[in-house]
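Across the two complexes that follow, subunit A remains constant while its partner is subunit B and subsequently subunit C.
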Partner chain A sequence: MSTLTSLARAEAVERGIAQPVCTVRHVHIADRPLVFVPLAMAGEAGAPLAAMVGDDPRSPRLLAVAQPRNRDQRFAFAAGLAAVLLRYIEGFLTGQETVPGGRGREARTRFPDAPQILVPNRAATGFTRLLGRSTRFRRTEGEYAVLPAVPLLGRWLTFLAERAEYPGSSLLLAATDALSRHWATGQSPVEDLNLAALLGWIDPPEGLTGPQAAAAAEDPLTWPPAGPATDPTFDNEVLGRLIAACDRAEAGDDRARQRARSALEDALTSQLMPTWGLMWQAAGLLRGLPPGAHVATRWAADKDAFTWYAEQLRDGGPPQPRRDTAVSAARRLARLERVQAACGAQRAFDDPLVMAEHRLAGEAFAGRVVAAEPGRQDCSGTRRKLRPHITVETADPVLMEPGTVLTSPGRPRQQARIVSVSVTAGRPSRVLLELSGGMGRGLTAAPGSVPEPGEVTCYATFSDGFQPIPAFPDPADTPWTHGGPPPQYVPADEDAREEWS
Partner chain B sequence: MTPVGRLAEQAVRGVLADLGSGCHRGVVVDSPPGAGKSALVVRAAADLAAAGERAMIVAQTNEQVDDLTDRLAGAQPGLPIGRLCAQDYLPPPRVTEHAQVSVASRVADLAGCLVTLGTAAKWAVLADDVSWPWAIVDEAYQMRSDLLLRIAGRFERALFVGDPGQLDPFSTVDIDRWVGLTWDPMQSAVAVLLRHNPDIPVHRLPVSWRLPEPAAVVVADAFYPFGGFQAGTGPGDRRLELSTRALREDPADEAVAAAAASGWALYELPPRHTLRTDAEAASACGALATRILQRGCVSYSERNPAGTPVTASRIAIGTAHRDQVKAVRAGLGGALADVTVDTANRLQGREFDVAIVLHPLSGRRDATAFHLEAGRLCVLTSRHRHACIVVARAGIPELLDAHPSTEPVHLNVPAKFPDGWEANQAVMAHLAPWRVRAS
Partner chain C sequence: MTDTEARLSRIRGSVPARNHDARTIAALTSNPGCARRAIMDAAGIDKPRLASCAGFPAPFGQSQFAIARGNAFEAQVKANGCAELLRLLRDQLGLPMPEVSYDDLEEVGGNPSRELRHARTRGLLARAAASGVDAGTLFDHPLLRLEVGGRPVYLEPDLIAFRLHGRFHVVEMKSFAVIDGQADGDKVAAAATQSAVYVLALREMLADLGAGPDAVAHDVFLICPENFSNRPTATVLDVRKQLTVVRRQLSRLARIDSLMAQLPADLSFDLDLDPSGVPRRPPADVAAAVRSVQARYAPECLASCEMCFFCRDEARGSTSALGRAVRDDLGGVEYVATVLRLAREPGVPPAEQAEAAELLRAAARLRREALVEAI
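Moving on, here comes the complex of A and B:
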């Protein structure tokens, strides 16, 4: 935990309410997100029990499984979920926007918007992944056939869960994650995983303080767990009895079946309704924050990913493989690391409070430009180059070595190399910087491209600049150190077979 | 030759015999700290060159490549050596002073070289489509398997040398997507190699030439529980002497004296939960370094039987985090400018006379996997030829007791020994007799 977050947590305890750790919002919140609150059966990961889903806070749709151990009912649940989720996703498969090309890239088109699924917590993201895993290989004919929407749902869920691994992606967002990235509470990070307690700290009901609201959230009768795990007492005393009643009613007439089923649905609704409300409260709180400057950039990447996957599906591509091969795993890790670095830099560039963390850690400094030589040229090489010098005076500790390359949030395409740092005890440090890039083509800097004396500026050791993905061998050339080339994937009926089927 | 010398020589001959036999695509050599890893790389390269085989040598940093280049050129005058580098790289004098070394950023410019050296990152971005019959990969346990994936197509057979007790490679992303896969890209190159090629012979170098006898016992016991190793020098071969008396005996003097006498000291600050950049601990590290210089420490060893003063450049201060490095360095000045202050990751492979270690768990409220990692403490406590002073807040054994490791156990992932929790306990138990309380 960083120094500033520790301070914010201490202040939250003292003031009895969560403290902001960001000045802007760093996630995209759609106008019409789809809230998905899944519940799983205790004892079997990935066995759905119920879900509350919908894009309208006033009309939640309850999906329930009367006997979660029954595979047929499990896939009937998946078909029910597919009806809601696929209709929501299909709503975004219309229209197109053109992205202008540049730097050797051609102009391309993508969908103008993308779906956004909100789940309560990271465990729900994991459940989404498992549900996708259990449905995407299902066959629509032959043994254990399912409705065509089920494998399609599996592919979309898998796509969303895999996309959620990308830092800064907002297609599938966990509410506790998004909230605790913006507010620090007076409780431990483990307690922050409880959505009701976390929201109690951030936005306590009238007349309660944060800690009081969080303590009230510990009672599973008023605030049942946000899933996917259910409250064990509820399982033992209510759920077990109702599921047994449903089983018994199977033998009876329609009316008895209906009665048993609606009793179960009422009980599940009572477990899900409080979380449903909290999810929309969380979305509203986040929407109330002004968005950071790079949120749109990251959402555009999400739209690209969505468009790409929609095209994959349209072209009849196979379902996502069960495991990454050596090459695809390495390539994915490289991509994730680059996205992570860029996203971290963007957050700091968008938000002075996040940048303050880096300044405290000695990775950035802020100060005032006290001298500038915008016309300075470097004549040491064969060709003269424009290399302006500026001097920045800062009260931050400057622990960087000369030669370090820095970037300023205001001029992200310009590099600043530290020439020297002069530190005098009790006085602000002076940093002499040599600038290159982002000043136009000639030997005179374009107006405004070199900071002028008096300008308040900030320089950081990181940047969100584009970093190419390194080249990896073709999967067919996987070397002997990594087990040689993987066997060619041929879709087969066997794919649908699981160890339990 | 001494008995330990014979033991070490026998191990090296075993490696070279396996390498020359042609029976194996790869050979792995596990080497404890300071066991002559670089010497083995140089000898293996010379062996291959003598047999007329072209070899590529892969190390992890430019610093390491320059060291190997220098040593190889010194050992094999007349052998044409290529130093492959990035375009903006400036070769240091220890590389340019050898006329037999050509420095270039393209393989085509190094055509006549039997041995070519470069960083793994450079080998990975090479545009030319060329390959070598042999590769020697140094510090292979510190190389991530996805980097090996990028260069493995360039060689047919390889010798992998490294220290399994040091820090594992890491990633900035926290994801368990590939846990249990044999080609997990976050694992070390050797781990992935051995899982796909279980019949590859694994050798072990049995003698540490760096660590003095008291350190070898502790480090071998805590971090190499199965293989173990012994010190190349005997109990009296290494000595530290303080040439001046202390003006007034304070705890720092006591700690320095304990380290000089026994090779170890634990400088214990009063218990307190602190920020990562604990100002008292940081200044204690600086104060101990100052005291070593002020007291005129002289080291006697097999290299310098007549004694040589311990200068600032022979002292290292090691920490867990970069901000701690900055906090420690901010307090050093003047005479201490040459003291090396760095994180465990960056101290790997380096050697000093005296190491001052800011304990990773000092002042913490919790013991996370990062701070418990056995490799981190192993690196920090195995950099020294003479003595190691550990600086820590009191209460680490209690903290360990309150935080047993809770890392999940995954299917299909081989258990890793030693466990960081146990290694930390073992080191603290070894340090207890040399504890000096500050204030």
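Moving on, here comes the complex of A and C:
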């Protein structure tokens, strides 16, 4: 949120339709994503009620649980979901591409593509995490055995849900998140959590304005909630009756059971179908935007993570722990912070509209180069160094102090140090910059490496450059202040037996 | 009846006063600056009904499954004289448990009248507080009373007041799950605020009987299902912060007179119910009455207040309808139209909007530049 995006909201109110807050797309949208719309049973923790899932908009697969409180039926649901999801994931476990080494790293290989799961909203991401948690510790033999696909599903779901925490990751994407990152509506961020209302603002149906479409989207009869929570009125007036009918039919013959079950499935389909359509509409809208320059870089990181986890599974690694240990929590936090900073910088470098937010906040400025000394050398040390000076005139407020090091999106490998800033009231500010790096090896700058007078440039206080990873102790060396070395994970009876009721 | 009470009762009209419960009292703390809400809550207005009559029915409902699950969980914890609860307090929280007795205060000899039940709760708790005996006692379904806007309100908590070592503890049961030691933050926060209401009501009752505030602990025992099972688990919640918030909001409601002084003298939310309970007052008239009390709408109201759709409709065109953060981003300017005018028109803005105008113009210029550049 910033003044710029808020201004876009104000414009959306005036025009009756959502306004762009990005000029390019910042998420990866796969050619063939898997859409997953889960519904949960009200009042229960992570109890699946139904889901619509599939990678083809024309053939959604409905999974339904006739009695959500029945443990066996829940595992049957998990097995049904595993059949679809694992087949989809396994489709990406073929082929390889080589990533060249560099900076002391060896060349390596990874899968050339990765799966992408689209869910309606963040609550669905949370449900995915819970479903992963409730299935990944199950055992496939002995007492309480479940189908082998169930714990495997749990591990993949957990991996995807954890990966979704990384800014810029697109393996598991929430549609409302992705859409509201690219468009500002004329309603509040709270109301943007309703997928149908959000899409109503962005892409209203023929003949309706954004606010009209959003208002229509709030009627749960035409636009049932996108889940995982169901509409309470549907629960009370339809679902309760149909589940009770399924229970009664258990005593009857196959035909009666079938009839009761298909009545329930029809009702659940009616709740899920509208959202299913919205999901593909959302994917299409996002796909229609031109991708930002760094989207491929971030998707490559997703492919790395996917390859890494597939190898973990192949090598028989244990399921993800219930809670992070001290060392892995610290490591994860550091990684998240680095990714957050890098992703923020990449988005700004890819997109002038995002950069404008930073310019308004005084973290960047843009303007025309009015003077340049491309051949200037610094002779103060023992060796002469090429240190060109340029002067940039900008209307943006320049709040940075002399000495600050800046980076330009056009020349990300070049550093610019502020020498001085001259501010005259009512006139654009003039910033004198000293450049270093990215100009070739000699004492003459390579052609095009120093901005020329007349060129419009932008300089920011941040960069997407490499940041060193802080050192963390080996888990075996966890200090006593942090609980000492964590115990090794040993699959326990308790994990496999855990109630799911 | 005091003047205030008479006035509030006139505002309420013939519709019966709506009972508060801990949930509605806790909700009072969510938008303390809203006069409309303060007046309605103090007068005990049936807000869902009023909202439907004004043409904006509230969007809330509760699933029968959630209710069934909550009831089943509570019954399980309380079964056999709270055997499960005692086991938890003993094993998980390490409380030393002597012989514990159990008193259910739900009915008084088959007489469910609230006054009687309250008197009995009071009597029993007074006796317990006065006895120096260090026996643990569980009091189920106590009926508490709290002053809300100068009016006594009965609270019927699904809770147990547990007396141990001369202090009362509130035991609150909630059916949201604690998974691997973590629970939904919003739900825990709501439970903490509700528990704070109970702690406050218990304290007031005991203060009447001459006990100090220490007689009721600010540590509340929260009982929730563990992981994906129905098995309960106990957690200790410190509700000191919530107590301060609730107390502050209640004292604000107690000064409702100053709010009422600004209202039209003939204000009434009476719905003119016919004998079968159907309102006869025209919707436009109801809406006009509601509008005469100022609201402070924020999108967060959509989660907690029954009047939210009415107020949202009224707030259309204002920046606060877009959220407080958006309003702040836009320099605190009240209307969307003003924002856009300040951002676009040259001219000299009024002094109080000069700063906002400068910000908005800079934003509009940057946005225009970036969008043109992208084409």
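The working rule: the second predicted complex is superposed on the first by the 494 of 501 C-alpha atoms of A that agree within 3 Å, B and C clash if a C-alpha of one lies under 4 Å from a C-alpha of the other, contacts with A are read in each partner's own complex, and residues count from 1 in each chain.
In the analysis below, a residue touches a chain if its C-beta (ideal position, glycine included) is under 8 Å from a C-beta of that chain, and two chains touch if they have at least 3 such contacts.
Note that this is a predicted model, so its numbers are computed, not measured.
Trainee: Determine, for the superposed arrangement built on subunit A, whether subunit B and subunit C clash or fit.
Mentor: Here the two partners, once superposed via subunit A, clash with each other.
Trainee: Look at A:P397 in the shared chain and tell me whether it touches subunit B only, subunit C only, both, or neither; answer first, second, both or neither.
Mentor: A:P397 contacts both subunit B and subunit C.
Trainee: Touching A:H482 in the superposition: subunit B (first), subunit C (second), both, neither?
Mentor: Only subunit B is touched by A:H482; subunit C is not.
Trainee: In the superposed model, does subunit B or subunit C contact more residues of subunit A?
Mentor: Of subunit B and subunit C, C contacts more residues of subunit A.
Trainee: Tell me which partner A:R323 touches in the superposition: subunit B (first), subunit C (second), both or neither.
Mentor: both
Trainee: After lining up the shared chain so the two structures overlap, which partner does A:T3 touch, if you call subunit B first and subunit C second: first, second, both or neither?
Mentor: Both partners, subunit B and subunit C.
Trainee: Which holds for A:P189: it touches subunit B only (first), subunit C only (second), both, or neither?
Mentor: A:P189 sits against subunit C, while subunit B stays out of touch.
Trainee: After the superposition on A, what does A:P20 contact: first (subunit B), second (subunit C), both or neither?
Mentor: second
Trainee: After superposition on chain A, which segment of subunit B among 129-137, 237-245 or 273-281 overlaps with subunit C?
Mentor: 273-281
Trainee: Residues of subunit A that sit at the subunit B interface in one complex and at the subunit C interface in the other, please.
Mentor: Looking at subunit A, the two contact sets intersect at 3, 6, 323, 397.
Trainee: For subunit C, which residues are in contact with subunit A within the complex?
Mentor: Where subunit C meets subunit A, its residues are 59, 61-70, 175-177, 179-181, 225, 227-231, 299-300, 302-303, 317, 319, 321-323, 325-326, 329-331, 336-337, 339-340, 343, 359-360, 362-367, 369-371, 373-374.
Trainee: What does subunit A use to touch subunit B in their complex?
Mentor: 3, 6, 165, 167, 323-327, 329-330, 332-334, 336-337, 340-341, 361-362, 397, 399, 470-473, 477-484
Trainee: With touch defined as at the start, can you tell me which subunit B residues reach subunit A in the complex?
Mentor: Residues 25-26, 124-125, 145-146, 148-150, 152-153, 158, 171-173, 175, 177-178, 181-186, 189, 192-193, 196-197, 275, 322-323, 326, 329-330.
Trainee: What part of subunit A is in contact with subunit C in the complex they form?
Mentor: Touching subunit C from subunit A are residues 1-11, 13-14, 20, 23-24, 41-47, 130, 133-134, 186-191, 218, 230-233, 235-236, 239-240, 322-323, 352-353, 355-356, 359-360, 395-397, 498-501.
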